[in-house]
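After this come two complexes, each holding chain A, first together with chain B and then together with chain C.
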Partner chain A sequence: MKRSLRWAVMLGALIALVVGLTACGGSSSNSSSTNGSKAGEPTKVDLSAGKKGGKITFLAAADIDYADPGQTYYTFGFMVQQAINRPLYSFKPDDTTTPVPDLAAGPPEISADNKTITVKIRQGVKYAPPVNREVTTADVKYAFERSFSKNVPSGYAGTYFSSIEGTPAKPNTGDIKPISGITTPDKYTIVFKLKAPQAPLVSQALVMPITVPVPEEYAKPFDAKLPSTYDQYVAQTGPYMIQNDSKGKLVGRKPGKQITMVRNPNWDGKATGDYRPAYLDGVTIEEGNDQLEVASRRTLSGNGLMCCDAGSPPAQVLKSALTSNKDQIAFVPSGGTRYIALNTKVKPFDNLNVRKAVVAGFDKNALRQTRGGKLLGDIATGWLPPGIPGFEEAGGLTQGKQYDFDTKPTGDLALAKQYFAKAKAEGVPIGSNGLYNGPDKLLTIATNADPGKKTAEVAQNQFTKLGFKLQFRIVPQDTLYTKFCGVPSQKVAICPNVGWFKDFTDPQSMLDATFNGNNILQQGNVNWPQLDVPAINDAMKAAATTPVGTERNKAWAKINDMIIGQAPAIPWIWDKTALIASKDVKQVPNGYTTVQDLSFSSLK
Partner chain B sequence: MSTGASELLQGTGGVVGGPGDGEAEPAAAIAARSPFELFWRRLRRDKVALVALGFIALLVIVAVFAPLIVKLFGAHPPNDQNSAALDDFGSARGPGGGYLMGTDGLGRDVFSRTLYGARVSLEVALITAAVAVVIGVTLGLVAGYFRGWVDSALSRVFDVLLAFPVLLLALGLGAACALGNGCIAVNYDRTGQVLIVLGILTLVGMHGWNLLMTRRRDPDLPPLRLGEIVGRSIPGLLLLVVGLVLAVVVKKTNGALIQPGLPVVIFIIALANIPYMARIIRGQVLSLREKEFVEAAQSLGASNTRILFRHILPNLVAPIIVYTTLLIPQNILLEASLSFLGVGVQPPQASWGAMIADAATIFDTAWWYMTFPGAALLLTVLAFNLVGDGLQDALNPRSGQ
Partner chain C sequence: MLSYIVRRLLWMVLLLIVISFLTFMIFYLLPSADPAVLRAGKQPSPELIKVIREQLGLDKPWYVQYWKYLDRLAFHFDFGTSYQNQVSVKSQIFDRAPATAGLAIGGAIVWLLIGIPIGIISAVKRGKLADRLAMGGALVLISAPVYWLGLVSLYLFSKGIGVWGVFDGAGTYPNDGSNLFNSPFTVAPTLFLPWLVLAASFAAIYARFLRGNLLEVMSEDYIRTARAKGLPERTVIFRHGLRSAITPIVTILGLDLGILLGGAILTESVFNIPGIGRLAVDSIQKSDLPTIQGTVIMGAFFIILLNLLVDVLYAFLDPRVRY
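== the complex of A and B ==
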């Protein structure tokens, strides 16, 4: 290289740096301003009449998981399902705790022994073309049966409905097989017979898309394939339908590109008692908007848009939106708790006082900031999040206030030391500084993607401050569950990136799988702390049969208290999702799906 | 050397013919210069390379004394998280308010982390370059000198390694080794025991066999000198020491040979570098082994080891130095790339690549977070490249013409 050229390169690099710094300097700002103290609080849902007509485009990063109601399991899929189909029960946007009859004609009738559930459905509900016939309970029965087959892998059928008599332990192979515990005495009645007195839980789970009717004569050829191709030919009963052709093929769904939803000509809300107003003429889901920031900004400045399927807009967009586009943002509780699981089977977390010390010493606020700060979540103090029945009975936002170690959001080192001192008396190695001083490095498995990675780094820092030595490893999120945290034999001491979100709104669904010692599995375990306290297990068994209502909520709230007392994990956030829409869109968030309700949203 | 001397003569000609002459000056002013002096003389004239060298020296000082500098500037330790420094949204804070270069998204001091990032970059770059030089040069020497099946076997291995795109190979290995407990699971206990046995066998073999055979052939041979005894013991002793370390010291260590974090990065980059270095050296050796001085050494009965390390290796110093200085910036970039892609150093250790990756998503609102580590990376790589370029010119003046 010639000398003059090298000088030029060096100078060029320096000039580029200086220019870069100068250019960037202009935008330097670290201030945040949120106008109004209400920012971040769950938005009060406005169900007043909207304008009829017009179309809205929803900006999404990717396609829905499935259009098939027997297979869909993710929020975005539920959002579409809520618009194109009618399950037995569903939630109005403004009430996430009490399901209302949708396809069902009234509330479920539960027998005294909690082993039988009877549901009657509405008459006159018709499928969209090309099926065009009336829905009967045989269709709901078939919907259940197909979801227990290998051809239609359901993410939750076995979890919530395995107590129905005749359900197989493993998905059936070959033809769809009947389930003896589901009977249809007439066209409009369906009866579920249970093996165990689990009716309260099962009746609450009837809001899941598995209860969406599937016409057997139409779906059978598709379901005969492995996997079923019904996903491309879904029969629809809701106010909207994904555009299809004369054979029922969903031509309006182009994976990775868009989903075109039009009005269902056979839907008659008034005649069939559908509570959905369905103001819009149609909705288009535009996919490929995987740059969340770009999609958010486009929505805020555009017309007729809603966003986003991939979570809340980035903090920088929210910050500016809260000052200039406040009316375009809605906050909705996500119905879940994120926590840091402490393995109660691994030393030193097998000691209750060590666990209490850790919970006491942790700065939950620092953890919360990794997910967007207070606007995007309340500090979690227990395991029943807002929007779940039992939340209020458990103490609302101040659950577990009787436990001193669970009351300081920013951590209390002095209190942590007190618990460490108690642990020391029980033989746990505690140093002269009052902090943990054990020799072993505790295996900690964290996710490798933000914001989870940031959360894990904050946790790592705080564990270190409390004296723990960590063998800190980062892995992809699915590996975290399938290879490490969900496999007890791996003896992972700390799982900083776990969380449990509602499938439906019942307190048992939040606590049973995650803290019942009888539910610890060798693979796919979700009782990550491996908490196994007989008193808690027994209390859960008893509460499972308590009828839906205040008593049930109180029973599970009490169990929630018992779990908090065991300090099996550090709960740190009850998420809220920020939803955004264009100025000319009246977006209506649905507390159950935690995204916009397409059947209630409208143009202004 | 003759070229250098003539240059020197031309350069001092003015002085010789200047004022005060007339008296017959003896040729004492004409002094012979050593190759190093000539090299230094040429390098000194390359101001760009000198500035770059100065920058590298500064970088080394910064890396070594990072803790002191952090204290001196009243900055925060690199891994100290301060949630109070973030706003309500958990967003990073810009320069000022006790943070010279602002904070990252966890409230950590970007200034401190940039300084400490230099440590990782230099550590990785220098260690990997050293490993690549030692192994690559040795393999290149062996392949080039012995030729035949040794050369074929080694060259095919190099071909295979070179056939992989470096970053892809690095990503694959990085993903395999950076997750969970690392890769290449080793039973240290057993490996150590095997190495101890091998070491003892080597020691006994090298000495016993030698003594037995040579004495039998010629009982009048003088006894071995101490140096020879030590020299012949080195391979066996090395095996013995490594075996003892594994079997006794490391035996309780859990996990794999290559643990996640810096060891993975170093392993990957060194592995990627070795074939390049070996190829270059092999080519040079193929040419050098045909020179007269090698024939002369062979005719005097010098052993292959002596010829390789005493006669051929010194002639390879220039290409080794030049290529090493070019490897270093490449390795710094590769480390940054791996960390950027998430398979490099493990948190919370600061690395420029990882910092840039973290900053990428918030660049429009936190320019400082990417700019400072980015600038450090840019200047460091540039400096090493310029120094490498200067060294090449200084060691081989004809190459620039």
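== the complex of A and C ==
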């Protein structure tokens, strides 16, 4: 038996050696450049002509949430929508701040009172088979109406479009009902009348897939079901279409396995003013690639592949690739902020000085290391991330400069103690060492999967260093949101794994849901710190009506400052997503969807 | 025999009902996430959550939900519709079953082809170098988690990312409806590496098990008698020794195969084989209760069925066994 063991150990050591050699194949250097940019800096998008023809396979971990444009609400779903459908407005890959007319024929016309938006659409845009007819504004109207019905529950219709006159407070039951505030004076004009002067926000939100036209006569039988089955029969207007049969059933979508996209025979980009070049003959999305490292390596060494929907490749693969495959990597800002939420309704975080002490004492750099370090993100100093209007007005990468507690990325224990001392004067238990000394264990809910788990563990150490005792629980990410952090009655003190990413590029969409006290919900709450400061709420109400442009950006930048001053959370990273592709693929990242743009990418 | 089989089949039905009930209660009372909130997007309003809850039937009392489920299952063989993609669970399971069956059956053949000869050689060459090598290697393979072994094998032997690109790697299993049974020559190459990985620990266990059994049998009186009669050693081992020693292998083979037919979760995940195991993992991650229940019941069905088959087969292999 002893000899058997010896053999076993030797064999194990041999395997470990081989594996180790394999894994260490690349250098750890990260000083090279990619596509003309310094490593980690957002890649300059190259929109020069690509090669026509060929097919690409995209390696994805999971399926899209929905193919139905009325229901999809996640990045990966948006990526597919961008290729198969035409919303009223969308973003070219190289400009995430100014939407361009897509199905629309020009910019939205906004009335002086900010209560009416008029949009004209292009003529000659046709649906893919089997619908085959021209798109009219009645289809856009129906797309909105169905999204306010019970059968087609949209995740954001109520949030961004409830200011349209006639929208129901609760989703309609029974038949899909008309919305009086949406009218179509002719086949190519649609008018949105608003209850309040909310046109700045609503006009920006017209990039959302809810504006993708839906042909009523075709979709109605599917929408009559509860829930609607249109998701399996989507009518398509983009350069590509998910393969369907003669009845329109999306036979090319096999949930959890594969999505096959082919060219839409009815798409004529030149005639209908579509800015998408659509070089490829087809795209296949291969699902089930949740081994990110395997998928990344396959992509880098294979042909005709792009990756990944589930975040950046692991840091070790990325660092190695930056040395040997740098042209195969592109970096794109994620347009969001990750942060550690401090519940302002739970002691001791109901005390502003305690919160300031925590923000001052935290080593954000250590947190950033858990997501790949500098390469994959800038240290967040506020709540308006790069790429969002208002970012520059808020101070760019150094937001909230006037607050001393938000300036040192590696933390400042001395400053933290100063704030703890102020808190002590307000009755907060502070020990003789100058750190927090409360008796209670603070409920902390963290995710059970890396890299979030690592982040939470680093945060746990730092809270402990500041004197806090935690009741640290790890749960699946979905549980974290749906059962704990999103449910105020759970009284979770610390949520170390939350973050907010753009729906569209407007500062209101970044700050309103997450820090407006009027938006605290008893379930599905996303104002995780439960910040409810009347001055901030009022400022948001006023800024919401400010027209798009510099003044609006300044107004929201000021609100951003006010929020930083309340220290409701520890912002620690403005992510960048690293996208990779095979050597023979010219990948074009889209700054809006933060993944590759299937209509611009091509084979080399 | 017939009455025994009928009795066992009735027990099987009862057991499946109990399993479905337990699964239902676990996910109803202790769900990892609220399926309605999960499907309501990033900013779910209470109204929206309520609507989705109604859509999914989650607003009904648990016993109503369960009864409806049982009614559909028992009288229409309908597992319900996935919360996640609104596709029939039955169609998803049937769509994925051939991939799992191909992996499990092929893997079983590989581990029997490797494990049985090694077990025999180890027993016959007891204490010699071959025995020590085989048993040492077996110990390593038993200790190696399938997940780890799968990744290591990919990095060493798969085309594209392996050091020695010998076999097809992850994601090569076709998604066009081909499977081992309708397109064996296309699909088999994509399964070689998964078969080897899946078979590794099983082969090691079977080899050790067979070795132990064979050593025990070879010391029986009837083996001594056979040798005394002057039979050749090969005949003694294969005709008299192995026949007795291998019978218990059939039992564990049945159980192992039953478990794997319910989904070889880790192997399917590492190699991205779209089988029932992957479906189960995806559905658990998405709190997709109908799909979770469907995969659990299918898994239980195969385990119970294979158990029954093994018991019946036992009567043929061992004349002493009678029902």
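Methods note: the second predicted complex is superposed on the first by the 567 of 604 C-alpha atoms of A that agree within 3 Å, B and C clash if a C-alpha of one lies under 4 Å from a C-alpha of the other, contacts with A are read in each partner's own complex, and residues count from 1 in each chain.
Operating definition for what follows: contacts are C-beta pairs under 8 Å (C-beta built on N, C-alpha and C of every residue); 3 or more make two chains touch, one makes a residue touch a chain.
The model shown is predicted, which means the values in this text are computed figures rather than measured ones.
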| request: With the two complexes superposed on chain A, say which partner A:N461 touches: chain B (first), chain C (second), both, or neither. | output: first
| Who does A:R473 touch here: chain B (first), chain C (second), both, or neither? | first
| request: Scan A:T159 for contacts with chain B and chain C and give back first, second, both or neither. | output: second
| task | Go through the superposed model and pick first if A:T407 touches only chain B, second if only chain C, both, or neither. | result | neither
| A:A513 contacts which: chain B (first), chain C (second), both, neither? | second
| request: State whether A:N437 touches chain B only (first), chain C only (second), both chains, or neither. | output: neither
| said: Which partner chains sit in contact with A:P255 here, chain B, chain C, both or neither? Use first/second/both/neither. | reply: second
| field | Which of chain B and chain C A:K483 touches, first, second, both or neither | value | both
| query | Looking at chain A, which of its residues have contacts with both chain B and chain C? | reply | 3, 6-7, 293, 475-476, 479, 483
| query | Taking the complex as given, what residues does chain B use to touch chain A? | reply | 46-49, 51-52, 79, 81, 83, 86-95, 102, 105-107, 178-181, 260, 342, 346-348, 358, 361-362, 364-365, 367-368, 371, 375, 378-379, 382, 386, 389, 400
| note | The residues of chain C that touch chain A in their complex are 32-34, 37-49, 51-52, 54-55, 82, 84-87, 92, 95, 132-133, 135-137, 139-140, 143, 151-152, 154-156, 160-161, 163, 169-171, 175, 269-270, 272, 274, 278-279, 282, 285-287
| Partner chain C, residues of chain A touching it in the complex | 3-8, 11-12, 15, 18-19, 22-23, 59, 62-63, 73, 150, 153-156, 158-159, 169-171, 226-227, 229, 231-232, 254-258, 286, 288-291, 293-295, 297-298, 301-302, 475-476, 478-479, 481-483, 486, 503, 513, 521-524, 526
| In the complex of these two chains, what residues of chain A are touching chain B? | 1-3, 6-7, 9-10, 13, 17, 20-21, 24-25, 27-32, 34, 293, 314-316, 318-319, 363, 365-366, 368-375, 445, 448-450, 453-454, 456-458, 460-461, 472-476, 479, 483-484
